[in-house]
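Just so it is clear, A, B, C and D label the chains in written order, and each chain counts residues from 1 on its own.
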Amino acid sequence: MISVAVLGASGRMGSHVIEAVNGAPDLELAAAVDHDGSVADAARAGAQVAVDFTVPSATEANVHALIDAGIHAVVGTTGWTEEALLRVEEHLKERPELGVLIAPNFALGAVLSMRFAAAAARYFESVEIVELHHPDKVDAPSGTATHTAMGIAAARAAAGIGPSPDATTHDPEGARGAVIEGVHVHAVRLRGLVAHEEILLGNPGEQLTIRTDSFDRVSFMPGVLLGVREVARHPGLTVGLDGYMAL
Amino acid sequence: MISVAVLGASGRMGSHVIEAVNGAPDLELAAAVDHDGSVADAARAGAQVAVDFTVPSATEANVHALIDAGIHAVVGTTGWTEEALLRVEEHLKERPELGVLIAPNFALGAVLSMRFAAAAARYFESVEIVELHHPDKVDAPSGTATHTAMGIAAARAAAGIGPSPDATTHDPEGARGAVIEGVHVHAVRLRGLVAHEEILLGNPGEQLTIRTDSFDRVSFMPGVLLGVREVARHPGLTVGLDGYMAL
Amino acid sequence: MISVAVLGASGRMGSHVIEAVNGAPDLELAAAVDHDGSVADAARAGAQVAVDFTVPSATEANVHALIDAGIHAVVGTTGWTEEALLRVEEHLKERPELGVLIAPNFALGAVLSMRFAAAAARYFESVEIVELHHPDKVDAPSGTATHTAMGIAAARAAAGIGPSPDATTHDPEGARGAVIEGVHVHAVRLRGLVAHEEILLGNPGEQLTIRTDSFDRVSFMPGVLLGVREVARHPGLTVGLDGYMAL
Amino acid sequence: MISVAVLGASGRMGSHVIEAVNGAPDLELAAAVDHDGSVADAARAGAQVAVDFTVPSATEANVHALIDAGIHAVVGTTGWTEEALLRVEEHLKERPELGVLIAPNFALGAVLSMRFAAAAARYFESVEIVELHHPDKVDAPSGTATHTAMGIAAARAAAGIGPSPDATTHDPEGARGAVIEGVHVHAVRLRGLVAHEEILLGNPGEQLTIRTDSFDRVSFMPGVLLGVREVARHPGLTVGLDGYMAL
């Protein structure tokens, strides 16, 4: 039985995490900590692992306090800089038995599809991305699609693969979409959709398509629980949930 | 048994039509006419229906000669102007029993999906199009996608429906694609693909997707044979194969 | 402005209908009627149209009371027999200006896709259905998929089309799925899905795919509002929402 | 420049391989060997790598002759038993610098999707497979789908994951399809299709879909060329192309 504290307990993500921990037979909720509480509450309650879904201005201090308290940390709060990550790495040298996971995305499907796309990209002549979201989204393309495109571009560069073939000479309206580091990315906005991504890879006579559909915030919970269960087995700082996944 | 002449018999489409006619138990090939032949050959051979896949510079004269010869015409050659169509309509008044079908597209799936998309467009808040082709295509978006978008736009205008919702304010690379009469159209180019189109319609909590995949020129043959079998039952000029389809 | 009463106001569907009516600028809620209320309340409140999402044991009496009260009826309650429909038709002869719509399905995407599938089925050699639902569903295939298969089978029979080609001679585990009036139907059950259906049509070199995704009960509301707005323009009994749709 | 011999040169696969080798700037065709030729011809021509697409009755002898001649072997011929593989492994001990690749499938998309599915299977509650083929196929489900299901089942068993949830109690027609080691597999047969597979993985609020489409035998050529280029860098026996892929 792993004893878990949740920091940011009353936030949208935090309340889902509490529900998920309560529903898992191998986990128990030690403490639900909010604005008026602190890491000390988690320590007093005997938490072995803390999940942090707080705010960018609080998360770094939380992680350092957790390290001092000897508690493993699973962090979903965004806003981490390279410098902040280095400070955590440095601090962890004092407590080499502790694990800290900082992950920008806990959706297993999204994490896996980015890894799969990067692994496959060098074996196909062509690759493009179509992301599809609800029409209230203000930016295009999505951060996930941009991140996926960059991973694909890096994998192709490392393998010495050139850009995807494209004979387009006439495209007055911009139908070919955005080009992110050489990868075409298309953004669809449609009422009723939530968050979806399709990665298309093509060779002569063959296609490989990797698609993720996210309908709900609960989709992050299997990834959070994976982090909680694995963090003690991965001492040191890990960035990205795929570091815990056997691929 | 319907007796069929093929004009443009040695062309890429013509040779497929000959094969399709020979393979159909209710049709017989009366004449395969090429550059050195003429409509007179078809008439002498007793053709009841002629299929014209010739060239834009020849097709109008062929149709008028077929009308004079009392032969129904199924025409897949492109390049017809409004004026040329009116001249055929005028000529047909002399032979009110004859049918002429002039169709820009014989792919049943494409014809149906355009009709379905136009019929559905007024019932959905959002609609977008993704077309996907091989990377040797020089223009984007495809003519079929542009045509589909125009049909959708006309249907929505007729029903008093405004544009699809779109909160995008930040799209520096043009990921939202082309906008054809208010309909967003995205063009994917991928090695291994042939010609594909996906029409996405969205309402709160619901999606309708209509997709066509064309892999081969043989996909036009069921449509051509439908034209051959139906043309005698549709006197006068019909533009577009959907005029013969019970929808 | 159309004045609307909702019967079954506190039910799951009823409460969505109230919200949808309140959100529509051209509709106003005249009465929200529940167990302890009656059609008389709707009449007193001046309702022009009543929406009935009650229970099978109450809905027929409600419709007859609405006819007597001179109120158009839009009915989503299930359980109507052929005889019950005939009794409504008979009653409506006394009030030829009134409209009654009884619809088993208000999801526009599902209604349209069934119509499209039936229209397309005669033009393709092959047709199969894949339905996909959450894994808590106890029956397979879904009622909608069965209904779709029967519509396709009827359309093919009417056009004199035989069964889809199938050379399968070795299928020890039943991978080819259910056969509903000659149409193969496959049922996928997957955590995270809600209700989805894919109709696949195939000819040589060409595919047509029609897919609907339903994520939420709100997806029925555009269809209910369509019924409310159109019922006065369609005197007599109409069964099925597609009777109001311009296809 | 790698010098390549093709054994089985006049077969369907062999002729594609010759074309692919001729089209690759870093490869040169040393010998095209057929029924009346032998491995000795390949040796005399100075081949460094031989590709074997012959017949089950000839392939094992070919591989042993290639080892004796000091030529690396890339083998696509089927019919290898465990015992035959052991004999090759034993023989290679005499020539530890030589590589032999024996691969049942050279379609990169299919190889990758099987690997990805096995990697992802432990992270999702539900997984099912839909395979789609032309209607002239006599067996269902396809060998690839069966193989994929077995890989998924093994990965889930290794991770201690139970079967996918399924509440179905009423399925009189068998719509839920085949069950291969606990994984549901559905086989669609449709005119116009070639060979396609969709692996669906589901968690609460999230889906991951991996799809491969194979249209043509040319789709195997990138995999064959990958084998040719890599075989010298992988001494010993490798079974399965994924052994050469960086995943």
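To be clear about the criterion, a contact is a pair of C-beta atoms (placed from the backbone, for glycine too) under 8 Å apart; a residue touches a chain by one contact, two chains touch by 3 or more.
What you see is a predicted model, and the numbers here were worked out from it, not measured in a lab.
Visitor: Using C-alpha centroids, which chain lies at the maximum separation from chain A?
Guide: It is B.
Visitor: Tally the contacting C-beta pairs at the B-D interface and at the A-B interface, and name the larger one.
Guide: A-B
Visitor: How many Å are there between the centre of chain B and the centre of chain C, using C-alpha atoms for each centre?
Guide: Once rounded, the distance between the two centres reads 32 Å.
Visitor: Just the number, please: Cα centre separation of chain B and chain D in whole Å.
Guide: Going by mean C-alpha positions, chain B sits 40 Å from chain D.
Visitor: As a quick test, compute the distance in whole Å between the mean CA positions of chain A and chain B.
Guide: Centre separation, chain A to chain B: 46 Å.
Visitor: Indicate the residues of chain D shared as contacts by at least two other chains.
Guide: Counting only residues that touch two or more other chains, chain D contributes 124, 192, 201, 203-207, 213, 215, 219.
Visitor: Between the chains shown, work out who touches whom and classify the graph as line, ring, star, complete or other.
Guide: Topology of the interface graph: complete, with all chain pairs in contact.
Visitor: Could you pull out which chain A residues touch chain D in their complex?
Guide: Spelled out, the residues of chain A in touch with chain D are 107-109, 112-113, 116, 119-120, 122-124, 201, 203-219, 221-222, 226, 245-247.
Visitor: Using the touch definition from the top, list the residues of chain C that touch chain A in their complex.
Guide: Touch residues, chain C against chain A: 192, 194, 213, 215, 219.
Visitor: For the complex, give me every residue of chain D touching chain C.
Guide: 124-128, 130-132, 135-141, 145, 164-171, 173-180, 184-193, 200-207
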